[in-house]
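There are two complexes below, and they share subunit A, which is joined by subunit B in the first and by subunit C in the second.
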Partner chain A sequence: MALNRKIAYIDLSTGKIEIRPIPIDVRRKFLGGRGLDAYLLYNHTKKGCDPLGPDNTLMVSGGILTATLASATARTHVMAKSPLGGLLGSCNMGGFFAPELAWAGFHHLVIKGKAEKPVYLWIHNGKIEIRDARGLWGKTTTETQWAIREELADEDIKSLVIGQAGENKVRIANVMTGIKNSGGRTGMGAVMGSKNLKAIAARGTMDIKIAYPKEALDYNKRFIDQITSAKVNQTQGALGTPFIWGATNSWGGVRCRNFQYNQELYCDEIEPEALDEVCAETMGPYHMAGCFGCQVHCRAKYKIPTGPYAGVYDEGPEYTSQGAFCGEPDCRSIETLLTGNHLVDQWGMDNLETGSLISWAMELYELGILTKKETDGLELTFSNDEALLEMTRRIAFREGWLGNALAEGGIIASEMIGKNSFDYLIQVKGVSNLHSDERATPALALNIATASRGSDHLRSRPAIDLYHLPVEVMRKIYSNPVPYDGPLSSEHTEYIGKPWQVFWHENCYMAVDCLGICKYHTVFLGATLPNFEDWTKVLRYNTGLEFTPREIWDIAERCNMIERLFNLREGLQREDLKKGDMLNHRYFDEPCRRGAPDVVGRVIDREKFKKMVDELYEYKGLDKNGIPKPETLKRLSLENEPAHLV
Partner chain B sequence: MVDQKEGLSTAESLRKTRSYGQVRCHNPSCMGRLQPQAGVNQVKCPACGMEYRVAWIKSGFPRIRGPVWDVNQRLAEEAFERKMKEERKDGPK
Partner chain C sequence: MEPMGKVLAITPEKCTGCRLCELVCSVFHDGVSNADRSRIKIMKWESEGLYIPMSCQQCQDAPCMMVCPVKAISRDEKLSRVMVNHDICIGCRSCVAVCPFGAMNFSAIDRKNFKCDLCDGDPQCVRFCDMKAVDYVEANRVSILKKKAAAEKISVARREAAALEREM
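The block that comes next holds the complex of A and B.
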């Protein structure tokens, strides 16, 4: 059954592999996926370890529902200490890897040490081998996956791999599976590279027993109907995530020219419908694909239409590639967008960090803080498509002074560049912000400032706050499963009630990540999508485990607290600009210059922001410094951690 | 244990609030519901004057494709100038 999938502890230094079951009381405390990974990280990583040293521990997992009859249990989670901010590192990707890992017998891998030479893991039907990967070193992410399939003579193998950027320990390197599924954030590809671990390949045919198969199937039909009838998912299924960037740009909620503007003007060529036309021209009318068990199908397939890579196949691009290769550097070419998306996929780099860091460097170049000396002669100006793609290459291969500096991530790069370069770096906890601008949306600003893995929209963003929902609808959502009768406001430019929304979404998204399902199947972009109540049924029918909605909430809260404890142990301090729950000063000091009339002129009010953080801390059971109160740890049964339950 | 009859969850009960055929004005203080006529490719918000290009996901399912740049850019510039003048007079808001 789903619950008999195992944990494997793999020591790459010694070659020792240990396989253990996951006790049911551990499931009841952490479920699986990101929540259990956080517990494993806290227990198996030495305090203060070098993120790129052998003492860092890398977790790879699926959720408790992975590969069951539940919808879209496609997500793979990867966690370690981050080489970007020195705090929690965590990334999550779609595709087919985690289900394959589950069919091969495993839900969690705990990878320690460092191999002497490049290796990859081969996991199949309960067995794990460490194999020579010297022949794979230097290959792109797609080449690596095909080379493994050829070597093991099985085209159904699914692999989690790094590209050249991960090998080069570029701190913004990602982990990839398939052609475009990217675990982008927090440099997990660099951690794999530092362990000489090129790939993890999985293939399994072990049955997963479903507790109540008929009911699970019946219920899933209802679940799918709820998901696919939502307007937002129908839009996703037609246009993919670029529709989000397009809509956000329309009102003035994206970053442009690093952080100088909050809208890219006259960018019709890269709008979702324009992209859709290119995809249709190059791939035909049915060019949307999906991850394992998903009915939304938000992944576009395309061939690059023109330029040096004309005819090359890839998938996407996502919202983040539009921000990285268009909005932030202020470029408007669909060829640049599709090419840039392809290059980061192949070399294995986070598109978001790539675009953000290059745009930051472009602003520094404009200000004279960087000159042609540091750029090795490159004219690193905004709207220079060629310079953008060239700098992308230099980062992946650590070429040139600036390429190498940016490969270290924003914080180290700012120390290398010096002067006041750090003031212009738009990051939280060492992680670049999504290409969005939160100056007009206090709830979203609170989310990115306090997210556990650094600036991030997938940890606690109340994205539905932008929909101006009637308060009665908000009340229905936000007072379940924990009663809440405090204030709520439909105005997304308001501060009132937002800390509770952020707290609610933090627990909602953690639960989703523990289950292993996609966030487009919960209250992320759609207010009417499933959440706690619905999951009790999915869990019961698929695993046989009974939970109340409140119990799932409590588990999520516990897992979030474990992430907090890890961050505090590694140096998080509330107002520290590099390691805290704090925003760059530009959020408070520079007004928005573009967008809707009610967006221009806005900044985040510093005092109100502080009050929001205070209130959020209260909900989380933290003191004013963001440290958990003893009674909170007791309430969440964490007072004896680290307890090494697994 | 399997429940034989499952009632509607909160999420399912909210399904009736979905507003097919409509889009919302993108101006935060306005957010008026706009219902573009079938097949049109532009819509103007009667409340705040912002104008949008419209695309159709399918028949009966419009979405805002993007701003009518010249119009909305002018509205933004006017608002910015006005707000900066007010701020100079009254201090920051």
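The block that comes next holds the complex of A and C.
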């Protein structure tokens, strides 16, 4: 059954591998996935360790429900200390790796040390082997996966790999599985590269016993009907996430020219419908693909239509690619978008960071802070598609002065570039912001400022705040499973009630990440989608474990607090611009120049923002400095941590 | 006319490759999640984005049935399916070798063959496939549906040709 999946502790320096069960009381405290990873990180990483040194610990996991009938249990989670901000590193991706890992007998891998030469892990039906990867070094992400299948003569192997960027310890390198499923944020690919770990290959045929098969099947069917009947998921299933970029751009909520504008104009060629047309032309009318067990199928398949890569197959592009290769650098070519998306997939680099950092450098170049000397002659202006793709390559391979500087991530690059370059860097905790502009949406601004892994939309974003739902509907969502009778506002430009929404979503998303399911299957983009109450049922039917909705909420709160404890231990300070719950000054000082009438002219109000953070801290049980109160730790049974329960 | 029974009708281009069919197949038959136990399997050419669901075709003149030395395999005309009687089966795997679709499987765990039994008339792969890449329809309807799809293409082409002629 799911509960007998193991943790493997792997020391790459010594080659020692230990396999242990996950005690049931640990499951009841942390479930699995990201929550248990956070616990393992806090317990198995030395304070202040070098993120790219052997003391950093890399966690790879599936959730407690991975490969069960909980619906879309495809997610793989990867965690370590981040080489970008020096705080929490964490990424999460779809595909087929985590189910294969679970069928191979494991839910969690804890990888320490550093291999002397390139290696990969081969995980097969309860056994783990460290194998020579010298022949794989230098290969792209897909070349690596196919080569492993060939070497081990099994087409069904699923691998989590790094590309050349990870090998080069580019701090924005990602980990990948399949054609385009990426764990992009916080440079986990660089951590793998620093350990000389090229890949983790898994293949398993071990049964996962379902506690109540008939009920699990019936509930899964209900779950799917609920999920596929939501309009937002139907649109996702037709157009993929580009539809979000298109919708957000329409009212002025995306970044353009780094952070100078909040809307991209004249961009018909990269609108979701135009992208869909290319997919249909090159792949046929049914061109959407799904991750494991998911009926949303939001992943588009395409072939690059024109240019030097014409005819090459890839998947996506997601809306982060639209931001990275279109909106932010102000490029509007579908060829650039699809090519850029392909290149970062192949070299294994976070598309979001790539586009953000290059756009930042473009602004610096136009301001004269960067010159042709640093760009090695490259005309790094906005709307220069060629320069954008060339810079992408230079980062992946650390070529040229600026390529090497940007490969260090925003914070270190800003120190290398000097002058006032840092003022223009749109980041939180060293992590570049998504290609969205939150100046008109205080709830979303609070989310990115306080998200545990840095500027990020998948840790606590109340995205449904944009739907202007009636307060009664909001009340129904936000007062379960914990009562809330404070204020709520349907207005997305408001500040009241938003901290509670951020707190609610923080716990909702943590629970999802512990279960191992996708956020499209909960209250992320759809207000009517399953949450705490439904999860008690899928947990019971699939694992036999009984929880109340409130208990799941408490677990999520506990796991979020562990992440907080880790960040505090590594130097988080409330208003520190590099390591805090703080936004770049441009959010407060530069008004939105474009967009809908209620968006133009908006900034985040500094005082109101401060109050929102205060309020959120209160809900989380933190003091004014963001440090947990002793009674909070006691309430969450964390007063003795690190206690090395596992 | 008496309907001749329902069959699995697979439309590969509709498959999103999610493999939920493999998961529900193993849970329904064995009470466990294990794609290796699934009667249906999505064959993938990942680098081209091609996904093809493969399952038993419930052949009329089933090679597995003919090759079985102990006559353990027979047709169940009521549900239009080919069934294995495991009380008789000796586990020689001749059926596995002879099946032209690779749809007769052999479980290394249970040490016996296994194949699609159409879930006794309520195929779970169909129940859960939102795209209807796998469908369960009357056998004589399959070709009609394909005719219609092909005819649609022809009619589109004719309309386009007519439009071109008008322009000329």
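Following the convention adopted for this analysis, the second predicted complex is superposed on the first by the 646 of 646 C-alpha atoms of A that agree within 3 Å, B and C clash if a C-alpha of one lies under 4 Å from a C-alpha of the other, contacts with A are read in each partner's own complex, and residues count from 1 in each chain.
What we mean here is this: contacts are C-beta pairs under 8 Å (C-beta built on N, C-alpha and C of every residue); 3 or more make two chains touch, one makes a residue touch a chain.
Treat the numbers as computed from the prediction; the structure is a model and nothing was measured.
Aligning the two structures on subunit A places subunit B and subunit C side by side, free of any clash.
Touch criterion met: A:Ala440 reaches subunit B, while subunit C stays clear of it. In the superposition on chain A, contact is made by A:Phe96 with subunit C only, not with subunit B.
Contacts of A:Arg594 after superposition: subunit B is touched, whereas subunit C is not reached.
Once the two complexes are overlaid on the shared chain, A:Asp268 sits against subunit B while remaining clear of subunit C. Contacts of A:Thr235 after superposition on the shared chain: subunit B is touched, whereas subunit C is not.
Contacts of A:Arg606 after superposition: neither subunit B nor subunit C is touched. Touching more residues of subunit A than its counterpart among subunit B and subunit C is B. In the superposition on chain A, A:Arg28 contacts neither subunit B nor subunit C. No C-alpha atom of subunit B lies closer than 15 Å to any C-alpha atom of subunit C in the overlay.
In the superposition on chain A, no subunit A position is in contact with subunit B in one complex as well as with subunit C in the other. Taken together, the subunit A residues at the contact with subunit B in this complex read 212, 215, 219, 222, 226, 229-231, 234-235, 238-239, 243, 246-247, 249-252, 265-266, 268, 271-273, 440, 467-468, 470, 473, 476-477, 480, 491-493, 523, 527-531, 533-534, 537, 540-541, 546, 591, 593-601, 603. By the touch rule above, subunit B contacts subunit A in their complex via residues 1-3, 6, 9-15, 17-20, 24, 26-31, 48, 50, 52, 55, 57-58, 61, 63-67, 69, 72-73, 75-76, 78-80, 83-84, 87, 92-93. Of all residues in subunit A, only 67-69, 96, 99, 103, 142, 146, 178-179, 205-210, 213, 216-217, 220-221, 224, 228, 283-295, 297, 301, 313, 315 touch subunit C in the complex they form.
Interface residues of subunit C, counted against subunit A in their complex, comprise 13-14, 16-20, 23-24, 27-28, 30-37, 46-49, 51, 108-109, 124, 127-128, 130-131.
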